[in-house]
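Common to both upcoming complexes is chain A, partnered first by chain B, then by chain C.
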Partner chain A sequence: MTRSSAIRDAMLKRVTELAVLLFAITTLLFFLLRLGGDPAMIMAGDEADPEVVALIRARYGLDQPLIVQYLRYLGAMLTLDFGESLRASRSALGLVLERLWSTLLLALLALLITAVLSIPLGAWLGYRPDSGDRKAVNAVVFVLQGIPGYIAGLLLIQLFVVELRWLTSIGNQGISSWILPSLTLASFLVPKMVRVISANVSEAMREDYIRTARATGASGPELLLRHALPNALLGATALIGTQFAFLMSGSLITEVIFAWPGFGALLVASVTRLDFPVVQAAVFVIAVLVFLVNAGTDILFNLIDPRLRRQTT
Partner chain B sequence: MADTNTPPDARTEAPLLEIRGLRIGFPRPDGPPLVVVDGVDLSIRQGEILGLVGESGSGKSMLALAAMGLVPAPGYVMAGDIRLDGRDLVTLSEREWQKVRGRTLGMVFQDPMTGLNPVRSVGALLGESVRRHQKVGPEEAAAISEAALKAVGIPAARERLAAFPHQLSGGLRQRVMIALALVNRPRVIIADEPTTALDATIQAQILDLLRDRLHEAGGLMITHDLGVAAEICDRIAVIYHGRIVETGRTRDVLAAPRHPYTAGLLAAVPRFHGRGTRLIPIRGAPPGPVSERVECSFRPRCAKAAPECAAAPALEAIAPGRSVACHHPVAAAPAREDAQ
Partner chain C sequence: MSDTTTSSRLSLLPRLRLWRSGLRGDAMLFAGLAMVGVLAVLALTVGLNPPREATTGNLRMRFRPPGTEGYLFGTDQLGRSVAGRVGAGMIWSLGIALVAATIALSIGTVLGLVAAWTPGWPRRVIRTVVDTVIAFPSLVIAVTVIALLGRGFWPLAITLGLATWPIAARVVYAEAMSIARRDYVVAAQLAGVGPVTILATHVLPALRPTLMTMFAFTFADMLVAESALSFLGLGVPITAPSWGNMLSESREYLVEAPWLMLAPAGAIVFAVVALNLIGDGIAANARKRGRAAM
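Right after this comes the complex of A and B.
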């Protein structure tokens, strides 16, 4: 098989996976949401006239049999038409995409913070995992990993907003308002990444190639930074995909806590209001995003791991 | 202790590497440490390859690592001197050791598949070592690295600098490992089972290479295979259970092994074995590490064991450059006429 046809096959497989995944998720979502309640009643309010409710039903096609609604929904989705929001009379997908950038900004900042915190800490912990001080820090990280991420957000607000009054906790109002939400979101990932990196580093430090490097006169820092850490980080990149999915779920909570105008907050609000089209569009976008990050990680992995890189000689 | 393992013609020349009374131990919580290398003397001269031969577990690697200052914790050097060009290494600080390793002492390890960092290119590994020990810029370091690859017989050396270990065959990787050991022209090169992990045909090529390169400096060739030692070593020291039991010039040891253990090792090597007779493996297994030695460690396996063997024998000179640690050495006349 030639190389280009191998790549084409791999891409075809990926795209097929994505299609199956999206079909499954949207179908599941469609029926789950219909179990939750009657959106027309919610839109019209508790005291509403039955005629108004009927009108609303007709306007959004909610009076049709469920299977008809489902088929219509599938057909529309093929053209990326999720319908209008039941609340805002705007395209549901448009609403979601408008919020996408805020969420991605937050996610990117959180990833950056995670890298800045967990690479040095993980390397330090893994370099000599048996020394007393590192055992203690390891125990702390282990405990932190068990604490839900939103607790960190609430503690941060209590400290910096309520007590110290240094920062604001509401919405996106420029750089100073990014700090707390991105720290909170990062707190979902940091303990896990510290543990993964330190485990990878301590494993790498026991490898034969470390002894070889020692025999050429390498110092402790050289062993760690030039020999163990590159291998440890390479192992950790494989986790980016799953951690990104985790990050997206963390962004739901974080955005609600900080009234952050991202699509996580939009999704939560839309679920409570039974705004089906928006929920469906948001879940669709998250699924595509997670898929893209996973595929991107694979490509990245192929580029940076010399063992997977194509031979050029 | 008397200088017993020096050939007469070399006696005037001071040894490059000299090990005296080396003891290496592993502490135990419930008693004195386990001694895995117990009072070893060795010396290597310029241009000479000394073979250290013994079964697995006899302490060969620990001895080699001690000479590099790399005994794995919690193991430690309990006693003895290791002198390189007259300078005592045992008392060096870690920082001083780092200047010796890779510079005046080079080491080749057994397994080239796991011994080279998978994410570093050959040029990066070599260049790092060159620039650590020599004050040169990146271009000159690359030139020195390339020359080292040529010296170990790697074709297209310049292109290979960009290669990663996984792109090379096992034989080429071991050549890279050897290049890494000799790139800074060390005074002594230690090779610990350098051909054990390789195919037979590759083994022969690597041995040829080691014979040349190790003779340019001083070499310690560690192997469990007496046949391998016979190929390239000038002298042989046989180690059993952490002690040297016999030393001598290679041809003397092969022609007339004096320690029953050496004789047993020799009988187990097909190449030295007479046609038509059976290969005779040494019966039993070596004892595990102990804290204190009372009887001769080989006694339980020895066909010639006698009551005196309840006291461990010392290594004693029996001829110039020849010593043996045995109460009842094998007869001096060639025990096997087919041994040459």
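Right after this comes the complex of A and C.
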């Protein structure tokens, strides 16, 4: 099997997964909505006029048999038509896409902070894991790992906004207001990445090629930076795909805490207000985004990892 | 869950051989069990039978700082005992996490073993479902489902369990596949021992440390997820004193009463660290035994 066909197969598998996922999620949402009660009643509110309810029912086609409604719904989904927001009378997809950049900005900043913090720390910890000072740092990392990301966010607010009054914590008001939300989002990932990188480094340091390099007279830092770390980082970067999904979960709650204008906060607000077109559009966009990141890392891996290159020829 | 090099390195498991903290397994296990013991005793005493100060407010005693006579962690905006409420919240927070972790691990173990033991379409179907669900942010699904099904102990516990089982299934599948390739299992197969007997006598015992580690980690994850959902207003009923609800309420009083946030936050961190200690302790011990056996 050649490399390009391997990539094509991997992509095909991913696209199938995306299709299954989108189908499953839209179906789940459709039936849950009907399980949770009459959607027309939900939209109209509890004390609505029966005539209004009938009107809504006719307008959204809710008077049709369930199977007809479902097929129509699937059809609309295929053309990316999620309908209008029930609150803002605007295209639901438009509302979500408008906020895409804020969410992506936060995610990218968080990834950057994660890399800057966890690569040096992980490398240092993994280089000689049994030494005394590293054990102490490991114990600290262990406790930090027990602090859920959003609680870290609350603690950061308490310290930098309430006590020290250095920073603001509401919305996007320029670069200084980016610091706390992106630190919070990064704190969802940093302890895990430190652990993975230090484990990978310490594993790599026991490999044969390190022994060979050492025998040929390579110095300690050289062993770490030229031989062990690149391997460890390769493994850690592979996690970005899966971690991105986790990051999206984290951005949901981070955006709520900091009133950040991204689609995570929009999703939570829409869920609470039962604004289903927006919920569906947001879930759809998140699924596609996660898919793109996963597919991207897969391709990247096939291109940069020499071991995979050899294996697939 | 696929066997290709790329995807197997993508798995994010608490892999047993992963982390060498230098900390001793027994020490971690002991500390973790002691901490969980404290939580269990408190849950069974204060949690099941919260003091009157936790439920009934006293407006003359609002916002008393920690250490006030009779109020270890101070009082909240209604003059209720914060310590009492953290205690009463254990039933919600720890209870939901326990049920959710049990559901996730039960389904995950069964389907992981089915996938490992039945080549052909059951394996393909399970793996596709697992790969698909794992790639999706579970909080997004949970938020939506809770909004539709309503708040409460059981909706939350079941939703979290159902959103999490694929991770357990992936771990069990990968471990079971590697156990199945071990010499003693292959020898048993060649000797004509039936698959069910092999599963019961060889595979399940070998899986035990993995399952126990995973249970501890999943329990911790579910605790965090429950409190996060309650924090977003999509978890337990608003009046319930769950830790996430307390955190959510505390945000309005960060300036005048930071202890309203610090007490439940401390409780969550204490529980998560305890469970992580147990999980890592078991993993470290299993690793040590594995190396000694070699």
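Keep in mind that, in the parts below, the second predicted complex is superposed on the first by the 258 of 313 C-alpha atoms of A that agree within 3 Å, B and C clash if a C-alpha of one lies under 4 Å from a C-alpha of the other, contacts with A are read in each partner's own complex, and residues count from 1 in each chain.
We take it that a contact is a pair of C-beta atoms (placed from the backbone, for glycine too) under 8 Å apart; a residue touches a chain by one contact, two chains touch by 3 or more.
As the structure is a computational prediction, the values presented were derived from the model and not from experiment.
> With everything superposed onto chain A, say whether chain B and chain C fit together or clash.
Because the two structures are overlaid on the shared chain, the partners are seen to fit without clashing.
> Looking at the overlay, does A:G235 come into contact with chain B only (first), chain C only (second), both, or neither?
second
> Look at A:R8 in the shared chain and tell me whether it touches chain B only, chain C only, both, or neither; answer first, second, both or neither.
In the superposition, A:R8 contacts neither chain B nor chain C.
> With both complexes overlaid on chain A, does A:R211 touch chain B (first), chain C (second), both or neither?
Only chain B is touched by A:R211; chain C is not.
> Regarding the shared-chain residue A:S219, is it in contact with chain B (first), chain C (second), both, or neither?
Only chain B; A:S219 stays clear of chain C.
> Should A:R90 be classified as contacting the first partner (chain B), the second (chain C), both, or neither?
In the superposed model, A:R90 contacts neither chain B nor chain C.
> Between the C-alpha centres of chain B and chain C, what angle is opened at the C-alpha centre of chain A, expressed to the nearest 10°?
Apex at chain A; the opening toward chain B and chain C is 80 degrees.
> Please name the chain, chain B or chain C, that touches the greater number of residues in chain A.
After superposition, C is the partner touching more of chain A.
> For A:R72, is the partner it touches chain B (first), chain C (second), both, or none of the two (neither)?
neither
> Could you look at A:V162 and tell me whether it touches chain B, chain C, both or neither (first, second, both, neither)?
After superposition on chain A, A:V162 lies in contact with chain C alone.
> Rounded to a whole Å, what is the shortest Cα gap between chain B and chain C in the overlaid structures?
Value for chain B versus chain C, nearest C-alpha atoms: 15 Å.
> Name the residues of chain A shared by its contacts with chain B and its contacts with chain C.
The overlap between the chain B and chain C interfaces on chain A comprises residues 307, 311.
> Across the complex, what residues on chain A touch chain C?
10, 13, 16-17, 20-21, 24-25, 28-29, 32-33, 35-36, 129-131, 134-135, 138-139, 142-143, 145-148, 150-151, 154-155, 157-158, 162, 195-196, 198-199, 202, 235, 238-239, 241-243, 245-246, 248-249, 252-253, 256, 267-268, 271-272, 274, 279, 282-283, 286-287, 290-291, 294, 297-298, 301-302, 307-308, 311
> Looking at the complex, which residues from chain A come into contact with chain B?
Residues in contact with chain B: 207-209, 211-219, 222, 226-227, 230-231, 234, 305-307, 309, 311-313.
> In the complex, go through chain B and note every residue touching chain A.
Spelled out, the residues of chain B in touch with chain A are 68, 70, 95, 98-103, 106-107, 109, 111, 114-121, 125, 128-129, 132-133, 159, 162-164, 166-167, 177, 180-181.
> Sort out for me which residues of chain C touch chain A in the complex.
Contacts found on chain C: 2, 4-6, 9-12, 18-23, 128, 131-141, 143-145, 147-150, 220, 224, 227-228, 231-234, 247, 251, 254-255, 258, 261-262, 265, 268-269, 272-273, 276-277, 280.
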